[in-house]
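One structure is given below, encoded as structure tokens.
Lettered A, B and C in written order, each chain numbered from 1.
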């Protein structure tokens, strides 16, 4: 090969100094003697340059970029030949930052996909190709010691979340979870979480129904509503408590809250409301006596109380 | 094992005769002696039955279904034991038809996905799990002889089409293509196509534009429209001819056709139209002088001719 | 008294166990429903004879009965029983593509539950020196045997869990 480029380092920190040399060896002697190396840089930069002819006849040109502040620079080493500029070799310089620690790592156990889904925020752009890996291990204590390892979870390209399948989980034991970010300039890891998957179950909201009036039941009192609800089917085995909120559909009144309700009730009478008034009701539930997250509020149920 | 079922054949043609035997061997001797085999069929059928005690002490019951006209029958061989009916073995009988030849095989070369997409019709339901495979080979003649093989194209479950990737294709050489259908009762193949992928290119319609009036050009004559068009970008390298059809937007007049138009024109004047009348115009193109399919008609262009 | 030692069982452990029993019961019920729908194998009573020939054992919980509750031995029987069913469920592998996900979930949940009880026994210092090993599990030689085995194992597991649930709830009572 007639000429080739050597870089002090292909990937450097933004602002660092970089030197590049282009060496034209004697293989190019058929080109005659009096020629100069010409560098083409994209984007155009004007580095310091030093050309020297080495004892063994090779010609070397070294350029120095004191503070590289472009994340990508394409270097071409060229020679004038006849009336054309001949490109002999090319090299790409990359500059960026080592990854900062990913943050806001949070995980939810999804009972539908039966997997633990964790998401995080990557931190500022490093300008370099940076890979993220969700790492975890099973622990028998508060995550001080590792009991069993869990395979790395590699997110799909560009994704900021990863899903650990059920077969790698012990739902009722603690596991330590963190995110590792890695690029050519370094590695960083997020703060570690210590959790048991069942303690971070994502509950879907319960379902609220109006109770159809039936001959067997006396009509509801004025200012009362009869309803029933049931928790989200896949979570029936989880002991839960629920909260009901209600407000008149019209007007400015805020939500009223009824808390500590059981997970399911065949029949519930909500009283103390304004008679013949349209109400909006919503309910949410959470795993209870054992730790868990509140579900979102259920879709609204619109009911009107009877006249006086 | 106490008892097991033997089938004359697990899969038969609908209407064929099937026999099934249940053999209770001496392992069941601990059950005492006087018991009878009871068959449970799902759906319920009433086959001829023959029970016999063989010299070696085993008990065998054989049932015969002269004409099986259910595609699925679940057979259970049972024994009365105490006051319960004990299931000793189960077998599933399947009945259906060998596949008929798939038909209406057609292929299009898709320039966007760069693959040859063939589709077909499977023929009547065989009631059996039937797999379809798109087979093909490259030929240097009119597909009489195979030059190179092409890997089988296996469609996704239940799909009636398959896509042969570019790397298996020689776009300008003939290839023989057919579909094979196979199930437990037989195999059948469709009529064979012989085509060169480029001769079945699927062209997207051209794009029609109105020509903006410009000072450099005299205004269009009454009853004339100025327009331009361009064939679908990925097919620019393909020599094509096009057709323009137009009709007044209102009224009952049918389409008028202008054929043999070039693939692209910077400026075209369509005359002989009614003055100050709104027209709907559409265009389609086909590969020309070489074989090809017409594209669909382009979306309509609405233009109005100038007053007299 | 057996109850004295029960105070040593953390409430959160008992609540988790109760939740796990309910979860496994739900998994087991789904397996039974699918076996019934797909293969008309709906009643374990119809498979007693086959069960004998296959040799599907029933795990004892004699130390967990409310009349004669011995906590350490009860925990041990709970763990051994779950360990046995873990092995039986494993032997059912290849039951059918449609049932495989349900069977996998059931087996994972039983394994988790057995593991939690083992850890609690270790915390109480009552865990046997050596983890139990799987005895000879039945070999299922046909698709029918695996399905029939599935019905039998699921039904024995449900009655085992019924007993377990009763004693756990008894222990969890304030």
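Please note the rule applied: a contact is a pair of C-beta atoms (placed from the backbone, for glycine too) under 8 Å apart; a residue touches a chain by one contact, two chains touch by 3 or more.
The structure displayed is predicted, hence computed values, not measured ones.
Chain contact topology: the protein chains form an open path, each linked only to its neighbours in the line. Averaging Cα coordinates per chain and for the whole protein, the chain whose average falls nearest the overall one is A. Mean C-alpha positions place subunit A and subunit B at a centre distance of 41 Å.
Mean C-alpha positions place subunit B and subunit C at a centre distance of 48 Å. Contact with two or more other chains is made by no residue of subunit B. Counting partner chains per residue, subunit C shows two or more touched chains at no residue at all. The touching residues of subunit C, when paired with subunit B in their complex, are 39-41, 45-50, 53, 141-142, 144-145, 147-148. Remark: subunit B residues 1-2, 4, 27-28, 31, 42, 74, 76, 78-79, 81, 84-91 touch subunit C in the complex. Within the complex formed with subunit C, the residues of subunit A that make contact are 114, 140, 166-167, 170-173, 198, 236-239, 289-290.
Chain contact summary for the complex, subunit C toward subunit A: residues 11-12, 15-16, 18-20, 22-23, 25-26, 104-105, 108-109, 112-113, 115-116, 119.
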